[in-house]
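As written, the chains take the letters A, B, C and D, and residue 1 is the first residue of each chain.
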Amino acid sequence: MGAGYPQCLAMVRGFAKAVAANRDYLTDLDAKIGDADHGINMDRGMTAVLPKVAALTDEDISGLFRTVAMTLISTVGGASGPLYGTVFLQLSTSLKGEVDVGPSEWAAAVTAAVEAVQSRGKAQPGDKTMVDALLPAAAALRQHSEQGSSLAEALAAATKAAHDGMEATIPLVARKGRASYLGERSAGHQDPGATSSWLLMQAAEEALAKGN
Amino acid sequence: MGAGYPQCLAMVRGFAKAVAANRDYLTDLDAKIGDADHGINMDRGMTAVLPKVAALTDEDISGLFRTVAMTLISTVGGASGPLYGTVFLQLSTSLKGEVDVGPSEWAAAVTAAVEAVQSRGKAQPGDKTMVDALLPAAAALRQHSEQGSSLAEALAAATKAAHDGMEATIPLVARKGRASYLGERSAGHQDPGATSSWLLMQAAEEALAKGN
Amino acid sequence: MKKLINRAEDVVREELEGFAAAHSDRVKVSLDPYYVMRADAPVHGKVAVVSGGGSGHEPMHGGFVGMGMLDAACPGEVFTSPTPDQILAATKAVSGGAGVLHIVKNYTGDILNFEMAADLAKEDGIQVEAVVTNDDVAVQDSLYTAGRRGVGITVLAEKICGAAAEAGRPLAEVAELCRKVNSNGRSMGMALTSCTVPAAGKPTFELAEDEMEIGIGIHGEPGRERRKLATADEIVELLATTVVDDLPYRSGDKVLAFVNGMGGTPLIELYVAYRALDRFLKGRGITIERNLVGPYITSLEMAGMSITLLKLDDEMVRLWDAPVNTPGLRWGV
Amino acid sequence: MKKLINRAEDVVREELEGFAAAHSDRVKVSLDPYYVMRADAPVHGKVAVVSGGGSGHEPMHGGFVGMGMLDAACPGEVFTSPTPDQILAATKAVSGGAGVLHIVKNYTGDILNFEMAADLAKEDGIQVEAVVTNDDVAVQDSLYTAGRRGVGITVLAEKICGAAAEAGRPLAEVAELCRKVNSNGRSMGMALTSCTVPAAGKPTFELAEDEMEIGIGIHGEPGRERRKLATADEIVELLATTVVDDLPYRSGDKVLAFVNGMGGTPLIELYVAYRALDRFLKGRGITIERNLVGPYITSLEMAGMSITLLKLDDEMVRLWDAPVNTPGLRWGV
């Protein structure tokens, strides 16, 4: 048994909570190599998401993620608004009609989401962006789904992979986004977007695993 | 025997030196109750005076003080420019044709100078201005000249009176000049213009007394 | 001290040289002595309007020289009134035979230096009238003090009187108009941070992170009182109440509302303040007919703002709207 | 944090409300979603010019809305690009049937949001062309990065393209002109102090009393390098050399020289810098045909400046001189 609508809703709420709790942390990371707003941006967006998803009546996973996407796109701005909007829009598309999200559906959806982010933002792995957390997470999900792991195992591996990917951004020189303007000076700092992407994977783990 | 041209020139130079040495002190006093420029203003003026008086060829005391006056008027600006200009212009007028300045000449000249300052600036004693240093100095000079004191004695008394007058400005509430805008908040601070006037009296004592 | 300058003693001269280089289409700059004048001065048969004061308040006054506003401006050293020879030279240079109006802010130094210059100009046969602006309600006005300071109203008086002079009005009328503008204007300012006089090298005063100075002057002179930091709405209410109650401005009055930045405050904050002022005045039944928002009479890099209100009549509105072409204010041409 | 604001989260809305109250003669402001447009928009048959970006750079962009410049501007949150729905709503509101030009500064967020909006507008049958400005030579341009940032040239492009649109030129020409302006423009900036994003509540970076940041962005992004404080002449020489050598600008070239204040730097310092730039360019045989000195693309209360040069041809000069009537730039009308 995979995750249903309540678990997906809990994941969205959990991500909002994690972003709020880490608002200053994400902003401080962005101050180092960006413009000191990533936590503020994400928190504004996820705070706007909460009443929107609370108002949803039909328990449709795809519709839920579409609402998150549209709300992020119209409230976040910056680079992360369209990019996280793209993540959730792709989750919505991939999970159309889905009521029970198992390891393989989630692996496929996250894989498609990170591909959509790459096609929009043109970031390659190693460019020091959210892609560096999302790509390894998607790979871990695919691997565990192929191995036949449980959803809980797959989600835990994805969080760990996102975390490692996030930490691996520290030595990188940014080649996309605002941090790329810094050139060599961007090395030595953790990417804020990769950090929020890790929080997203963690929220997925905590909420979706409960569906098992 | 009173003071001659060399002593008057030395007094001007001594005043320039004292102002330069006390530039920051006078400016700090002005920062407290004014606009933080009195030392800068006076130093700019007296620095401009030095080459002007060095270039004078005929040893005329009145001409010397007139040159000081015109230079201060055209370089100092602010309240102190016209007021110190007035002081030296009146010294020049009072000492017209004078070659040997004794106690009575100096007493009369300083008295006329402070009267001219009052007529230009409308300050009464106790208004917390340079008048509070100059008026007692003039009174001391007159008293000693009437008593028949030596020039040295008269000048020393004038410096002392100016110093007491200067210190007496501390508790006063300013009623003229920029400090008056402060109202009660001007009390507790020494007036910068009274302080530079004390320096002037001190420069006179040190230089003119040598003429005896 | 962090400033984009070279040597402190060269700031005024270098600023004037930069200003001259940037605006030679509209102004001429004399460096000895310092003054700025209209490129087409003297305008024969026109009253010339001359102002001046310490530097550090840019764009005032040099930035207001040009068609429809000032004929000349005399910049002193930073925060130090100009000297009589500057004012005399400027007065002579722009005198077009119809007399010269001196607009003088009420500071002892400005008054004394302009007085001396006017005396000398009169000796040279130039008719001079001086009008003193004194709109700052932060300062108690009293017979026994130097009175109120001249601040924001000076900008408005220069615009309105400049337009009147441009329209060919005689000296007595332009001077009378200047007195009318001044007596219908009131201002009050505040500071979040101090300014630093370049030659002094350190801040004129110290304010804690949670303090502000209410009733600040434009030279970093201490204000009426030091207070705990408040919101923009509270600050505007405090300043505007004092200003409105002083004249007083009454329900039904039409005003020009001028929200001025002190030099270090960005426009975004001035509009937040303007919003508060707009609401405040609506609440009092006072109509904003015209407005001006921006840094026009500054205090070096001080952060803070001031509010000036001018009660308008139709003539003032017409003259305010008249064309003006200066580096600091321009419209209609 | 010392600012004239109420709550940090209300700054943009309140600024827009103040702006609307102050300039209702020339602009209309939508608060949901946020955008500023010309009071007379849509102008039928005219190409509409739309820009936008994070707030905190005032007067850019909202202050440049009006006859002869922008038809609409979309302000995001402070330093955060606007969202597609704002841009779409503004684009629709000002579309006069002749197409819409989006002028977009080169930041990932701006590009992505404007792209999404353009896609949606095209679905609605509106012809949209987007031109990206990227004039900041502080940043290495490379195929493998986000490229150079868009800064000061954006202001000049908005003026020149706004004039071309006003003159009735078709979308393709106005867009081509915008690309030409951008490719003939180069900029570089520096900061003496940091700015503080209201919602962050503390300075974005820390600079010691004797340090400056060279190559700063307009969002407080760290620059190319941190250096010991230098004189205005040295700073201008450093910035101008990098700018001039990049295009390069050559002896005989005619330029528009734009000395921009970052928000906390007073005009007196900008003129000291302009003087240095004027001398520097003379030394290189480059003629300043037009200039702009003041805070036009700011970074909240940051102290600092930037230099932008635009190599001019006769067409650009004519369009620069054409009448413009916006709260932030006005002449000829």
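General observations
Everything that follows uses one rule, which is that a contact is a pair of C-beta atoms (placed from the backbone, for glycine too) under 8 Å apart; a residue touches a chain by one contact, two chains touch by 3 or more.
Remember, predicted model here, so these are calculated numbers, not experimental data.
Taking the mean of C-alpha positions as each chain's centre, the chain lying farthest from the centre of chain C is A. The interface with the largest number of contacting C-beta pairs joins chains C-D.
Chain geometry summary: the mean Cα position of chain B and that of chain D are 55 Å apart.
Each chain gets a centre from the mean of its Cα atoms; for chain A and chain B, those two points are 76 Å apart. Between the Cα centres of chain B and chain C there is a gap of 32 Å.
Shared interface positions of chain D, defined as residues touching 2 or more other chains, are absent. Multi-chain contact residues, meaning those touching two or more other chains, do not occur anywhere in chain B.
If the chains shown are joined wherever they touch, the resulting network is a simple chain of contacts running from one end to the other without closing. Applying the touch criterion to all chain pairs gives A-D, B-C, C-D. Contacts from chain C toward chain D in the complex involve residues 2-7, 11, 14-19, 21-22, 55-56, 58-59, 63, 192-193, 209, 212, 229, 231-233, 235, 263-276, 278, 288, 291, 293, 295, 298, 300-301, 303-305, 330-333. On chain B, the positions that touch chain C within their shared complex are 27, 31-37, 40-41, 44, 73-83, 120-121, 174-178, 180-183, 185. Those residues of chain D that touch chain A in the shared complex are 33, 54, 76-85, 107-109, 112-113, 115-116, 136, 138-140, 144-146, 149, 197, 199-200, 204-205, 217, 219-222, 224.
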